[in-house]
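Dropping a structure here in structure tokens format, bear with me for questions.
The letters A, B and C name the chains in turn, as written, and every chain counts its residues from 1.
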């Protein structure tokens, strides 16, 4: 069976990283779209709210006239697809959270990360509202399964992310009553959030979904760079009926 | 080395699902037996106690004159093999709990599942004492690694399980002092119980065994349908000396 | 890229077990050294302090004139490489803890193991200060992924470990401020320590490292016997830049 995927990237990323994932999905007969979220292109202004991020994806979906698709969110992208689902619930076949934040109503992303990250991001915030991830954190905590060359190459594609997208409280008045099926894809070596019950991705975030499907694969937070073809296959396993 | 296995299914199942597992075990030189637990055939009466479940397996073992076997329990089947071990300890070479409940003395299965399941099963209980698992729960929480066709096909083989087998308190006066070696086989994507320290299979259940061997494999609660040959191989790894 | 590894074994082991790991590393162009820690040869006197264990490795490194190496510690060996790093920080390229203890300043290994092990080791302590691991514990909790023949063969190479190396408090005044990169290699079926937040290896020990890289592989605490080539490959993944 062929599915349509809409793929929402995380912080510091834009839509380019999805290219090898989309190629693999298309080779296997699926269709896939990957909009860049507002404020996430290197040249974008960085004073962008979470609501503007959400609206940019809703606009993309409506303009492209997309229906009956699997909506995937990675990392920060989870907070986006939660709100997008409230805007266009009838167009979504299934939600897939890939090592993604799942916010409770009224929370921000920052409410869900440990103090050392909050302090780091506060220190690194630029006057224009952008904040960049330092290379040493990226290299060991985000992409530990890459070799040195790939880690540096992938880092060079990143750009500062809008600080407000992490700080804004996100109203989610209907998300938890939407009847859309949900899946969580967890990479077993992802330590971008510290593993364990207090701060880890899974099952802390996944369990908030209620009834959900769990798919796992080996790899770090950035298998989009280190293993994009397996990522594509696991997105199908997570997204299919 | 060749082993003899006695395989005890879980709730909603009968012995038919073990067929491809048994085929694989026999191809590799082992022998395997899989009795259907009392009350677990579709046409059985459903007003069956936990003690009757246990007695049906004890009777099967004695009638079949089985000795020196590895006794495997899946899910609810774990509560059965604990009690069977008290009845025929000298016949058992090793106990293998495959994503199985391990009860403390005097507990019921229901004492070990989260409130949302207790409420669901109470609502779904039929006048004849049977309770069926709803398809949406089965599809995402029990067999998330199947495709749609296999998930539906496997569901069609299930039947209502005797409610009393979940509610009866099980006396286990000698289980925890029996000198039988024990193993726990854990499927890493099994979310039939919510993962995590409060309700998860492993290490919550496994740690109750004291000294035990851990074997893990990828897959959901129902690898008996989605990956029976690997299940058979892992049962050998768990069951061997 | 070619790296130099210095490999520090755990309790009851000596340097012989590293042989197939070293062979694999050398086949792939790396260099590797594996000193036996003081008191850990079968014929050594067993009244050996933790400081003497550390000094023996420091002496080996200096005598062999080793620089710019990846320092690996397994199990108890983690407590040794922490202290070695304080002695020769400038020679170390990266620290790799493989299912290893990571002590807080002033702790002993015994401070980090559950009561049932403390009681077992107290009972088994010999007049000469040595303590041996009983076979049944080894077989199921340490090397559950071996078959019977390999489990027994590997056990025959073990010898009593110096009790003081487990009991001595280890001063670590500078370890947590050293700028050396760190990795944690976790074997996913390692239950030598009971899995879970209270006593497990990961993330209890790994999280103490602060920013670290996580590498995982299947297997027990003793993949050095059951899967040494994959262990070697994962040490490269953990140890590379």
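Operating definition for what follows: a contact is a pair of C-beta atoms (placed from the backbone, for glycine too) under 8 Å apart; a residue touches a chain by one contact, two chains touch by 3 or more.
If you want to know which protein each chain is, UniProt gives these names: A, B, C = Alpha/beta hydrolase.
Since the model is a prediction, treat every value here as computed from it, not as a measurement.
Engineer: For the two copies chain B (Alpha/beta hydrolase) and chain A (Alpha/beta hydrolase), is the contact made of the same residues on each side, with over half of the numbers shared, or of different residues?
Structural biologist: different
Engineer: Quick one: how far do you have to rotate chain A (Alpha/beta hydrolase) to sit on chain C (Alpha/beta hydrolase), C-alpha fit, nearest 5 degrees?
Structural biologist: 120
Engineer: If you average the CA atoms of chain A (Alpha/beta hydrolase) and of chain B (Alpha/beta hydrolase), how many Å lie between those two points?
Structural biologist: 37
Engineer: Residues of chain A (Alpha/beta hydrolase) that contact two or more other chains, please.
Structural biologist: Residues 197.
Engineer: Taking the complex as given, what residues does chain A (Alpha/beta hydrolase) use to touch chain C (Alpha/beta hydrolase)?
Structural biologist: Residue list for chain A (Alpha/beta hydrolase) touching chain C (Alpha/beta hydrolase): 136-137, 139-141, 144-145, 147-148, 188-189, 191, 194-197, 200, 218, 220.
Engineer: Mind listing the chain A (Alpha/beta hydrolase) positions that touch chain B (Alpha/beta hydrolase) in their complex?
Structural biologist: Chain A (Alpha/beta hydrolase) reaches chain B (Alpha/beta hydrolase) through residues 1, 181, 183, 197, 202-203, 206-207, 211-216, 237, 240-241.
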